[in-house]
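One structure, pasted below without further comment.
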Amino acid sequence: MMSAAITRNPIDVATLITQLADPRLGGTVAFLGSVRRGPEDGAVTVIEYSAYEDMVVAELERIVRDARAQWPDAVCAAQHRVGSVPAGEPSIAVVAAAPHRGAAFEACRFVVDEAKRRLPVWKRERFEDGTSQWREG
Amino acid sequence: MMSAAITRNPIDVATLITQLADPRLGGTVAFLGSVRRGPEDGAVTVIEYSAYEDMVVAELERIVRDARAQWPDAVCAAQHRVGSVPAGEPSIAVVAAAPHRGAAFEACRFVVDEAKRRLPVWKRERFEDGTSQWREG
Amino acid sequence: MNKHGQAVSNGTISIRCRFFARFAELLGRDGCELTVPAGATVSDAVQLVRQAVEHGDRLPDTPLTAVNCEHVHADHRLADGDELAFLPPLAGG
Amino acid sequence: MNKHGQAVSNGTISIRCRFFARFAELLGRDGCELTVPAGATVSDAVQLVRQAVEHGDRLPDTPLTAVNCEHVHADHRLADGDELAFLPPLAGG
């Protein structure tokens, strides 16, 4: 279920959704978190994501297990991209599917929140002017 | 923003997501509601969806406007499929994008719930044995 | 003249009724024209359809209704040229 | 012998430290081997790294830590062969 929790390539959410497709599961919720370049974000062109990759895989498995304990009929998949991610492209995708939509929304939100809180991933922002900085939190 | 609110073809959620993509919007949430064939659903092979199509378009516009009133920085798109939808395939997709994930989750959930409550759409279930029946609610 | 180019009779208005899904099956048709007294409400029009249209009594007393593509309550007042839709219980999504 | 094939000295254990992201930059390295007293906690190991490893004092007193790919608190007791990871503030997603 947790195939390819880490990828160096653009995230393909349609494939993640297809992996969870099951006629018993009527509701599917997908989250994409993208590199933002908004008014408060400066001229970020790229974020370089690095990770403690073995632990990302292990922690995602634990997060999905925690989700299953709360929503036993939901299934989840998640993927974090590492390396250079241009502004506007997703760095993380989480998909949850369940027989009914409530559990799918709640399980997806839980996995996203826990992933942001628990995954050992770091980001270095690169700006238009060639500078860069670690961005924490 | 509400292009092609009704479709006769399989729903392409990746395209809907791409339509809302914007580097200022860091969080995107997509919902897919699929024709379920679970233990309580009998041997449903296909659901035939029919709709009051002009009103579906108008009502979706109103729902999206209501979502904007509550989450002003979110954008939403939704699509309902009509005609024959085989078990396991989506009949409705809703996508919401916002600068932060909280608003994206909430706006998506709101549009899904309101669509289920307000859209003039009906379904006729077709079973393996060749019988069919209107399914209300 | 109303917007359909028909003369508006003294004190009456013309509306278009539409029947969807199971209602269209019950009535064997998907719509009809209806002349109702000026000032009639949705509820008045529903009762008229139930009495005057063949198999109209197969419709519920208080169906969901929409006027001009917008949900309305039974006490909504109709205007000439309105489209009144009779909606079976919704089942979208 | 521990699992790295090294002799376990009387009363000491060997662990592998790993430094990530900004911590790796601060120390100019991404890891080191460390020998600590048997019974040492994560907190003990962190203090040893801060004293014994070049530029170790650039690390915070109480960094986030993980042992064998699992988040742990500072009072977690280390075992021979453990991998102790020093994690800058997380910024995933």
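Which chain is which? They are A, B, C and D, in the order written, and residues in each are numbered from 1.
In this text, a residue touches a chain if its C-beta (ideal position, glycine included) is under 8 Å from a C-beta of that chain, and two chains touch if they have at least 3 such contacts.
Remember, it's a predicted structure, so these values are computed and weren't measured experimentally.
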item: For chain A and chain D, chains touching each; value: none
item: Remotest chain, chain B as reference, centres from CA atoms; value: D
item: Gap in Å, rounded to a whole number, between the CA centres of chain D and chain C; value: 76
item: Between chain C and chain A, distance of the C-alpha-averaged centres to the nearest whole Å; value: 50
item: Separation of chain A from chain B, taking each centre as the mean of its C-alpha atoms, in whole Å; value: 23
item: Chain B residues counted as touching two or more neighbouring chains; value: 33, 112
item: Per-residue multi-chain contacts in chain D, two or more chains; value: none
item: Chain pairs that touch, as defined at the top of this document; value: A-B, A-D, B-C
item: Residues on chain A engaged by chain D in the complex (per definition of touch); value: 33, 49-52, 54-56, 58-59, 62, 80, 91-92, 112, 115-124, 134-137
item: Residue ranges of chain C touching chain B (in the complex, touch as defined); value: 18, 20-22, 66, 69-71, 85, 87-93
item: Residue numbers on chain A that touch chain B, as the complex places them; value: 13-14, 17, 21-39, 87-88, 90, 99, 101, 104-105, 108-109, 112
